[in-house]
Amino acid sequence: MSWSYHWGAMMKVRLARVELITEVQPGTFLLALAAQGISQEAKPGQFYMLKTAQEADPFLPRPFSWLRKGEEGSLGGNRVEILFQVVGKGTARLARMRPGDQLQALGPLGRGWQWDPAKTPLLVGGGVGAASLVSLVECIPPEKRSCVWALVGARLGKQLWCGQEMSRLGARVLLASQDGLEGFHGTVLELLRREESLLIGAETEVFACGPREMLKEVATWAASRGLPCQVSMETPMACGVGVCLGCAVKISGSGGYARACQEGPVFRSEEIDWD
Amino acid sequence: MSWSYHWGAMMKVRLARVELITEVQPGTFLLALAAQGISQEAKPGQFYMLKTAQEADPFLPRPFSWLRKGEEGSLGGNRVEILFQVVGKGTARLARMRPGDQLQALGPLGRGWQWDPAKTPLLVGGGVGAASLVSLVECIPPEKRSCVWALVGARLGKQLWCGQEMSRLGARVLLASQDGLEGFHGTVLELLRREESLLIGAETEVFACGPREMLKEVATWAASRGLPCQVSMETPMACGVGVCLGCAVKISGSGGYARACQEGPVFRSEEIDWD
Amino acid sequence: MEEARPDLGCRLKRLTLPNPVLAASGTAGYGTEELPGRAALSLGALVTKGISLEPRPGNPPPRIVETPCGMLNAIGLQNIGLEAFLGEHLPLLRESGIRIIVNVFGETEEEYARLASRLETQHGLLGLELNVSCPNVKKGGRAFGRDPDVLHLLVKRVRAETSMPLWVKLAPDGVEPLEAAQASWEAGCDGLTVANTYLGMAVDVEQRRPRISIGTGGLSGPAIRPLTLYRVWKVAAKAPVPVIACGGVACAKDALEYLIAGAGAVQVGSGIFGNPGLYMEVLEGIRSYMIKHRMSSLEQLVGSLEGMPRVSF
Amino acid sequence: MEEARPDLGCRLKRLTLPNPVLAASGTAGYGTEELPGRAALSLGALVTKGISLEPRPGNPPPRIVETPCGMLNAIGLQNIGLEAFLGEHLPLLRESGIRIIVNVFGETEEEYARLASRLETQHGLLGLELNVSCPNVKKGGRAFGRDPDVLHLLVKRVRAETSMPLWVKLAPDGVEPLEAAQASWEAGCDGLTVANTYLGMAVDVEQRRPRISIGTGGLSGPAIRPLTLYRVWKVAAKAPVPVIACGGVACAKDALEYLIAGAGAVQVGSGIFGNPGLYMEVLEGIRSYMIKHRMSSLEQLVGSLEGMPRVSF
């Protein structure tokens, strides 16, 4: 550790320009941000803290996984895309941004997906959480993507944009919707159990992102099948950089907590105390 | 007084659409708002309380005089223009609005200029305060405007948009700038004193709007020349409708206060306790 | 028909109101002003601007300044005095049908007592709210609210003068609210308004002078909501009389937080300034929430909070 | 040369700092974390996360929730404990040159005393800040801060253990700050940090449960600034030791308000979360202000407020 990193880290704060903002499915927006070097070092599963620069309320920045770096093959690193769902005032404010507006972006942050090229990824994504899995697919070399299985579920059939995107990137995608209007009629977990013989190979590793209850069930399922499993945990965050201790995730055994922004957001599922 | 007015008054709150927003001089914006009936009953010198609807901060709406109702001769009443200068966070937020955005507008409010057609107006405006005098010119029948004298002063020569506008509407305009780049080199008060023989007629009535110190000097000058004088007072406001008592203006003699939003913003200059 | 219209009727000890949404003192005038969109008649009740025996001119300007998600005010209890209120406004209010609670303020115990006994004899008033918590006047007001013993004597004295429903509006600072609350209920009040504004200040850095003429003012608005919510919960957990919440309500969710935390009714204060439709928005929002959560009466909502630790005195 | 660079040097009794901009405890970690844009070396000083004798796991999640212009937190003083701090972080801090004030917290007087005596013998630390005002722990902390007599004894005890500059971080509520301040300075502290967070709460209306696991949390952020500014002014008007302001600084103007009101230095807390460049922004903003107003030293700024009423105890 050297002290110069204080200055190195400063490079992570950028005023980014909104390049594009578009509602890809009801209530969910694709946001493209441009800033020098913004995605240069972004690894799949990492996140950014976004905030409108001049406003006092919302007070805190909001964490968002990155989705894509943009045009495949582009060398840039100066562009990053986020997929977000409007759930409260921060995301509502974000949805009112227009191309040309500026946003403060801090990142990339946290510890993302740890992908071992010897493994065959089985991705399980619920709702907009699947965005973080898209980044993983994008980072897998195109020729290897056809081995990737991706299960994406949502409440409504029209909320499966991420699944379509992973399919476009070359993964083998199965969709599930609770209204049955797209893919399997049911939850992504039901789909997972139903298709497991198809999905599990010798080198399968599970990568899951979505609501906590879903992650817990995926983790239990993976454990019972003897599969390694990584999960991306969502918690409220204030700083995003490990200093506020607001993003505590209970760690199994120890009685202690890890920081979702620093030791996470991606954890090995057995690290988590799920109760 | 009848209780139905509670419902009548409700009609004064509108969600208005930004039709146009443009920087007419450095730091000063022209904002055109459209909403059913918004300016139908607007009298010159009245004001609106404007606020972005969804945001918790800034907490309070901001008062702005209206400038024009739009295209001359239009019957509409569904459009109103505001001229505002960026001085703090509310006006900075306003300056970031774009055509199509919505603003909450409450108004027209308060007691405006009392113009007696038998009188010859002598308007004295300082800075963006002159906006409220533009509304007075616009409400004077075109054939009478050539009798109107308007003196408009600003710190910089490039801040005299209101003067040009009054001139366009047909008033006789004299400009003053402290940088000397437009019109008289000096303050509007110096100009007033210098040209007073030209400006004062038998039926002259003074209408002044600008910083408090300027108003005080204009009032003193008018009193010494025996001219009636009206002044528009700016105070911080919270409610704009007479209930919070936040907009107190000290009234001469009584030891009491009037409400700028209700008994004002326009007062006869002798009503005010200037000290 | 599972979606029957829920009953918003609000029973505050001896006082029954059609709904729990009230206008807070000093933010809705005397009830007779032109209140755009305020639908005063639809309110559970409107609490008047604070009224004193004699007219008061109030403080010199500037009296208000905006702060982050809030505002400071130091109006100084400007008001037209009791007799002018009774002569000029009360007849109009009676005619209007608006439900009125009168907020009163005195500099001495004697003044509070006289206000109470004079108002006791008037028709068309639902109750009294004693302001013992105004931070913006030199004498009286908060001086009573800060010392539980003094407050107890004051409330007892006023109680002796009037049989009307009597609420005490507590200060949120300078005193432990639960102690002031206890002093008040033991003296026989019918309700506790929690709370008034918080003493604060703001500085004009260019002039290096206070932004409020008298130096300090009272903070209101959403900024204070988490603080007042805590006080409401704490007092409601112990008080044998209803708590009327007041502080920072800017949408229906805010009012619901208070009701769930134990408030029997909620006052909307300075939030109305930026959103003249707020009274109706809060009222309709509570109604929708009750429908969504299948609640048929307000009692099911009030105090329904779970998972809090125990309150100790 | 009228525009000479002003001297931001900050003299806080025995302690001299290069400038008056500090990082507040719990918002800048131990000083060794990767702090984006925080320029820890440029700070007047960095106050560490609260440290206790033994490691503490902290409270279960959720620990934070955003509120209007602020946030509630109930971290519960999670920390690695004194020995791990001394072993793992202090060597790095020494090497870095960052000026460090250690914030300490105990459950008993004895624990505070042991923390102080152990830290006394360490090189490379500028001073101690006693946290007697954390609202988020069951034992200790605030319990000391709420009773001026207990506080006096605590500070006296700690004073006897250490000759380091000793600040006491006061609670803004549950006690009259001026009384707690007096109890502290009479016990020999070198500075008063005014103030910690305000006890508050928030309710999840869908779940009808508190939004913070332990029910309540401490409010920070711009929302509280008018309240803390009032307390800073009041304490600074009377205290014979420097006041270090802490509460809601989100831009240079906010820090200027505190300095003008009498604070000798200003801590930047949760404002850094939304604006990682804030430390530098505040520092440069103070410098620009002094240049504009032709002030050559910080003393000209501190306490330059005029037009306030007199403070009475």
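We just call them A, B, C and D in the order they show up, numbering each chain from 1.
Heads up, the rule we're going with is that a residue touches a chain if its C-beta (ideal position, glycine included) is under 8 Å from a C-beta of that chain, and two chains touch if they have at least 3 such contacts.
The model shown is predicted, which means the values in this text are computed figures rather than measured ones.
Undergrad: Hey, what chains does chain B share as contacts with chain C?
TA: A, D
Undergrad: In terms of C-beta pairs in contact, which of A-D and A-C ranks higher?
TA: The comparison resolves to A-D.
Undergrad: Of the other chains, whose C-alpha centre is the longest way from the centre of chain A?
TA: Between chain A and every other chain, the largest centroid distance is to B.
Undergrad: Using Cα averages as centroids, what's the distance between chain A and chain D in whole Å?
TA: 36
Undergrad: Could you tell me the distance, in whole angstrom, between the mean C-alpha positions of chain B and chain D?
TA: Taking the average C-alpha coordinate of chain B and of chain D, the gap between them is 46 Å.
Undergrad: For chain C and chain D, let me know how many angstrom lie between their CA-based centres, rounded off.
TA: Chain centres of chain C and chain D, defined by C-alpha means, are spaced 34 Å apart.
Undergrad: Can you tell me which residues of chain A touch two or more of the remaining chains?
TA: Chain A, residues with two or more chain partners: 56-57.
Undergrad: Among the residues of chain C, pick out those that touch two or more other chains and give their numbers.
TA: 67-70, 221-222, 250
Undergrad: Could you draw the chains as nodes, link the ones that touch, and say if you get a line, ring, star, complete or other?
TA: Here the contact pattern is complete, since every chain touches every other one.
Undergrad: Name, in rising order, each residue of chain C that touches chain B in their complex.
TA: 26-29, 32-41, 49, 57-71, 73, 75, 78, 92, 95-97, 221-222, 250, 270, 272-277
Undergrad: Write out the stretch or stretches of chain C touching chain A in their complex.
TA: 68-69
Undergrad: Would you pull the chain A residues touching chain B in the complex into a rising list?
TA: Residues 54-57, 89, 92, 98 of chain A touch chain B in their complex.
Undergrad: For chain A, which residues are in contact with chain D within the complex?
TA: Where chain A meets chain D, its residues are 1, 3, 5-6, 9-10, 12-13, 51, 53, 56-61, 104, 106, 235-250, 255-257.
Undergrad: Provide the residue numbers of chain B that touch chain D in the complex, in ascending order.
TA: 56-57
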